[in-house]
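Here chain A shows up in two complexes: once beside chain B, once beside chain C.
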Partner chain A sequence: MNIQDYLVPHHVDECLAMLNAWGGRGRLVAGGTDLVASLEYGKAQAEALIDISAMEDLMGFEIQDHELVVRAGSTHRQVSAAPRIRQLWPALSKACGSVGSPQIRNVATLAGNVVNAQPAADAAVALVALGARAEILSSGGRRLEAVENLYGGLGQSRIDSSREILVALRVPVPDAGEVNVYGRVSPRNSLCLPIVNAALSLKTAGGTVLSGRIAMGPVSDRPFRPERAEAALQGVALKDRAALSEVGRIAGEEANPRDSCLRGCSDYRRQLLTVLIRTLLEDAAAQTAEEA
Partner chain B sequence: MMKALTFTLNGDQTRVEVDPGELLLDVLRRRLFLTGTKKGCGEGECGACTVLLDGQPVLACLLPAMKVQGRAVTTIEGLGHEQRLHPVQEAFLEKGAVQCGFCTPGMVLSSKSLLDGQPQPSEDEIKQALSGHLCRCTGYVQILEAVKDAAEKMTRAEGRKGHA
Partner chain C sequence: MMEEYAVVGKAFRSVGGSDKVTGRAQYLDDIELPGMLHAKILRSPHAHARILKIDTSKAAALPGVKAVLSAVDCPKLPFGLDVPDARIFAETKVRYAGDEVAAVAAETPKIAREALKLIDVRYELLPALFSPQEALQEGAPLVHEDKPGNLVKSYVIERGDVDADFAACDYVFEEEFASSRVTACYLEPFGAIARWEPDNRLTIWTGIQGAFQARSEIARALGMNPSQITVKVPAIGGAFGGKIWIRNFHPIVALLAKEARRPVKFVLTRPEEFAASRPRVPAKIKIKLGMLKDGTLVCKDTAIVADNGAYSWAAPKIVLNMSLRTDCLYRFKSVRTRSYLAYTNTTPTSGFRGYGNAQSHFAQESMIDVCARKAGLDPVEVRLKNAVRQGDLTLHGWKVRSCGLTECIEKARAAIARGRKPQADPNGTVKRGIGLACMNHVSGNRAGNNFDGSSSMVRFQEDGKLVLYHGESDMGQGARTVLAQIAAETLGIRPEDVLVMPIDTDVSPFCFGSYSSRVTTVAGKAAYLASLQVREQLLKLAATLLEAAPEDLDVREGRIFVRGGERKGISVADVCKSAIRTRATVGLTAYVAYDPPTEGANEDFYGDYSSAYTYAAQAVEVEVNTETGQIRVLRVAAAHDVGRAINPNGIRGQIYGGVAQGAGWALYENMVYEGGRLQNNSLRNYTMVTATDMPEVEPIIVETQDPVGPYGAKGIGEPALIPMPPAVANAVEDAVGVRIRDLPITAEKIYFSLNPECEGPAS
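What follows is the complex of A and B.
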């Protein structure tokens, strides 16, 4: 690491001014749990670190105009511990609660999880299934983009952390009949990246799926949405176990996991995904039955 | 350009000059000679470098030192001393939860943080709180027993204070 300065802005305008002053050689740091290692191993470069983790206007989360607004300073711990989030977005709560370890979750942020652009990043997979959007600020102005459109290849975010700030993640509030679920398979419960993970968000009425979003990882260069499985979900009766299995089978077919000596061969992971998607659909079915 | 870092370390106001990108672990061990904080993996995987930042466990090997500016850090040196151990340290010794000792400072600090917030944790809560720590020696059972014992010791001590 050849860091020449460490800067702590107090608000977003000051932060943007600092990024501009460093002309692409400065870089935002939130929890640092990804960036520190990337800098050490030369996978990322920066001459100045600009720390956004204590900035007042990037702290906290709240429901605003039918959206949950999670500002960029929010940590996995804060989000996974919030009762309201657990109630309305159990998928997000559970995903954040499974990142790394307590020490990591105490400092690591959801925004960092998205910008780090790993295909199985827990929170990012849940956010993609939930249809979340990212609010991004740069000297050119403010823009909103779907989280799933922020990927430019394996580990490549389309957010340029040396010029732009992801200020907040915006997650739609579920309507009546909407449910969301998250699951992962890993050899241990802590400090272990998933062999596979997936999140689902379903619109249902009277026990039938109207439409659904599925996101899964790591089966592509980004959190992946299996189009055919999503199409197959439409009109499925949540009681119909054979139909739920079939959706799982299609999702497994669409997935393209890599062979990994640590995290299982491709075929095994595909099998696991088939089972994981089916199990999550059954969880969702149980949730809707409870609410009815 | 070196940066001036001012923070509360184990209760004392501390000022130290650091490199802007220097990690807290290196500042503690190499500049302040507090070698109780261990470096195991250096990558966030083992928990040996755990310290408390404003009471919460964090990994010093992944934390830029400048992040603790104006905040309070507790390392194992701030917990007890040889004549008067912290109840968690006492319990770790009594229950055989220390073997080589490399994981112990981190384990003790996460346990203390847990017990400060939740004086009577369930077994699951203890396991969850310690899930970011690896131990190659003990097999974890003694550590679990030690935390339960520490919880009792601390609750009894609180009770005595309450009656006094």
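What follows is the complex of A and C.
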């Protein structure tokens, strides 16, 4: 680590000015839970760190215009503990509550989970299933991108945090009949990366799935959407256990998890996905039955 | 009825506990000496390579660097234990990824780290050996050129006529078990500070379990006399056997400090702790077991192949324990064990809670269940039928003076049966089962004709407070608390009035250290005997002051009184003041070197080498998801024969900790190597149990009043870990009918065992 300066801007314009002043050699830091370790071990480089955690215009979250707007300073703990989010986006709430430890969740931000671009990132997997978009600001202006399009290879984000700021994540409010669920399999209960994780968001009517989005990790270089399994979801009756199992089977087949000496061999992880997706569909079925 | 005591057996605040939780305890890394430098060690990236060249000139030229050392600058004296093959730095070749190649002392840790990058080492790669099986093959490359066949040590131990007994058995079964490479992973990384004193003496601060052993080993590596060295032990943040013996960094910091003429601190980083510590000795253990139809265990033939790693530390002794101890758990008629310990190009293995006994218990206690099930018998009944009992002389010559094994089995079985969950959930994917495993262990372990006791010095101060000097490290297990309780009980004072001194080899009486679950039993006995002598001095003087006969006096809660006439008395403090401040000149001091009444094993490994053998049974309930293989340990009932509980809370703490560490090993802990390099060298991916994974634990204290131990006490340090892996394996078979023979019992292994048609990973 060879950091020459540590800057604390108070609003977005000031922050952009600082990034520009460092001309690509500065880097944004929020919780720092991944970045600091990467800098320490030489896996990331920066000459200046620009700390966005004091910026009031990046604090908090709210629902506006049929969207949940989670600003970049929001921590995993804030998101997972919010009753309104737990109610409308249980997948996001649960995913945020699964990351690391309480100490990590108290400082690590949801935006950081996306920018860090790890395929196993719990919150990012949930955001992809929920169809979230990222609002990105640079000196060139403002743009909106689907979270799933922000990946440029393993650990590579298309957001350049030496030049631009992910200011907010925008998650559509579920319509009536829409449910979302999240789950993971890990060797132990906490402080543990998942062997596999998955989130689903389903549009249903009268106990039948109209359409659904599935995101899974870490089975690719990004949160992975199994197209065939999503197609197979259409028209499935949530009571039909065999059909739910079939969707799980297809999702497992589409995934391409690596053989890992630590996370398990590919076949086993595929089996876990098959079971996880089916279990999550059953959870979703139970949720819709409750609401009906 | 056992006698009731005032302090022994009572809940008492842990000595030093509040300092730890309030951050006042001084650990090694809290110590800052004036002018102190910081050291870093350059380690081999290769498992096996010839060193062609080491150029340290650029590192030495970096501003802030005060000393750079490699093998050429150091004494070339072999050190180590039974097979001393270690050198301070790798000389002609490196033998594992992590081997010490060079070291730097600099003004800051950062400069030292930068300097390491400037050391130019050229290697020529050599073929490497990663398993003892490969290493023992004919024609295998040699790890040490002077150790033919890569064999460190082999043992053949035989009692009775095993072959004839097998021929007479109704059943003979054979199975092979394997235990994984795991690390003690204590919270506080190991390290040392060295400072040279004006009279050419050396002071080493290090959080080590055996201060006097450390002193003699450091002296040996440096070519000094032990009395030229002072070892001081600060607070220790966990050790679990991983800090019994010195590491290469101990002589390294001493030499860096000498070169730089300044104090030097070295603390291992966590990745170094993983890659270059001393993991548990992994072993493959094949057992052939003969039994009768009624469940009588008759004979056993065992073959062990174990991994020593690149240099030999405690592994020879550990494999000896592995080869003997479980034979004494049941009343076998005959046994035979052949064991081989081989060098490999992996991290040197050594001591870790259980010291070999945990590996062999996994094999044997799994085997008992396998055999009982095959014979259609209840595994718990088979254990009860064959359990050793008080008064037995075991086939290796142990005299079983106290033994609560039967009671432990019965209590653990009853406890786990209470409140069991359903054996299967309605949807059929979750199944539950229970399993039990037993264990025996030692409280001290005499080697040959060596001392195996402990020494204690107690001294009253003029205000009636007692100072107790000892040499057995408290690495969190509560040694200081137990010693304070024993002294207080014996002297009739409050434990709060006993000051248990930190360890300093110039002042502390000679002791071997905290291992072999020996401290309560042998150090406790030394403290007891020393306290008894001081009590006599105290009462004699009190008798004069009270004009009574000493034999009529008693002392309780700091007051000495005439038995039967309680109103006539004097405070301990007043007697101490008279002893020290008047012309009475009573020392109120005693130094006792205690050696237990045991015999070291003879050349055939026969002998009663511990004064108090310990016994336990742990029963567990597990839940297995049949679709994913995932296991949860739901409950543990842990019954331990501790002789007599001196500090019941301490015992419960040991049981909770042993269950956590044992469950971690049973379920996930495993150091995974690829090409000789450790793949999980951090807490991120070396999976241990967290608080949220802990099962419900019911500690059950069984008291058998040992005739030798202080107030009847025996050890508890290691026992609580030992039965966990086999108990979990047995419960998994009970739940889903599959037997996992190699640790850890991962979900993936269970899944592939449940689905034999699926092709598992190549093992």
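In this section, the second predicted complex is superposed on the first by the 292 of 292 C-alpha atoms of A that agree within 3 Å, B and C clash if a C-alpha of one lies under 4 Å from a C-alpha of the other, contacts with A are read in each partner's own complex, and residues count from 1 in each chain.
Methods note: a contact is a pair of C-beta atoms (placed from the backbone, for glycine too) under 8 Å apart; a residue touches a chain by one contact, two chains touch by 3 or more.
Here the structure is a predicted model, which is why all the values come from computation and not from measurement.
Trainee: So in the superposed three-chain picture, is A:33 touching just chain B, just chain C, both, or none of them (first/second/both/neither)?
Mentor: first
Trainee: With both structures fitted on chain A, tell me whether chain B or chain C touches more of chain A's residues.
Mentor: More residues of chain A are touched by B.
Trainee: Should A:191 be classified as contacting the first partner (chain B), the second (chain C), both, or neither?
Mentor: both
Trainee: Is A:275 touching the first partner chain B, the second partner chain C, both, or neither of them?
Mentor: In the superposed model, A:275 contacts chain C only, not chain B.
Trainee: Answer with first, second, both or neither: which of chain B and chain C does A:62 touch in the superposed model?
Mentor: After superposing on A, A:62 lies clear of both chain B and chain C.
Trainee: Taking the superposition on A as described, I'd like to know which of chain B and chain C A:49 touches: first, second, both or neither.
Mentor: A:49 sits against chain B, while chain C stays out of touch.
Trainee: Contact-wise, after the overlay, does A:265 reach chain B, chain C, both or neither (first, second, both, neither)?
Mentor: After superposition on chain A, A:265 lies in contact with chain C alone.
Trainee: Check whether A:2 is in contact with chain B, with chain C, with both or with neither, and answer first, second, both or neither.
Mentor: Once the two structures are laid over each other on A, A:2 reaches chain B alone.
Trainee: Residues on chain A in contact with chain B in one complex and with chain C in the other?
Mentor: 189-191
Trainee: What does chain A use to touch chain B in their complex?
Mentor: So the residues of chain A in touch with chain B come to 1-6, 8, 29, 32-33, 36-37, 39, 48-49, 51, 53, 100-104, 106-107, 189-191.
Trainee: Taking the complex as given, what residues does chain A use to touch chain C?
Mentor: 185, 187-193, 259, 261-262, 264-265, 267-268, 271-272, 275
Trainee: Where on chain C does chain A make contact in their complex?
Mentor: It is residues 627-628, 630, 667-668, 672, 674, 679-680, 684-685, 687, 689-690, 692-693, 746-748, 751-752, 758-761 of chain C that touch chain A.
Trainee: Touching residues of chain B toward chain A in the complex: what are they?
Mentor: For this pair, the touching residues of chain B are 1, 3, 19-21, 23, 43-45, 47, 50, 53, 56-59, 62-64, 66-67, 69, 110, 128-129, 131-134.
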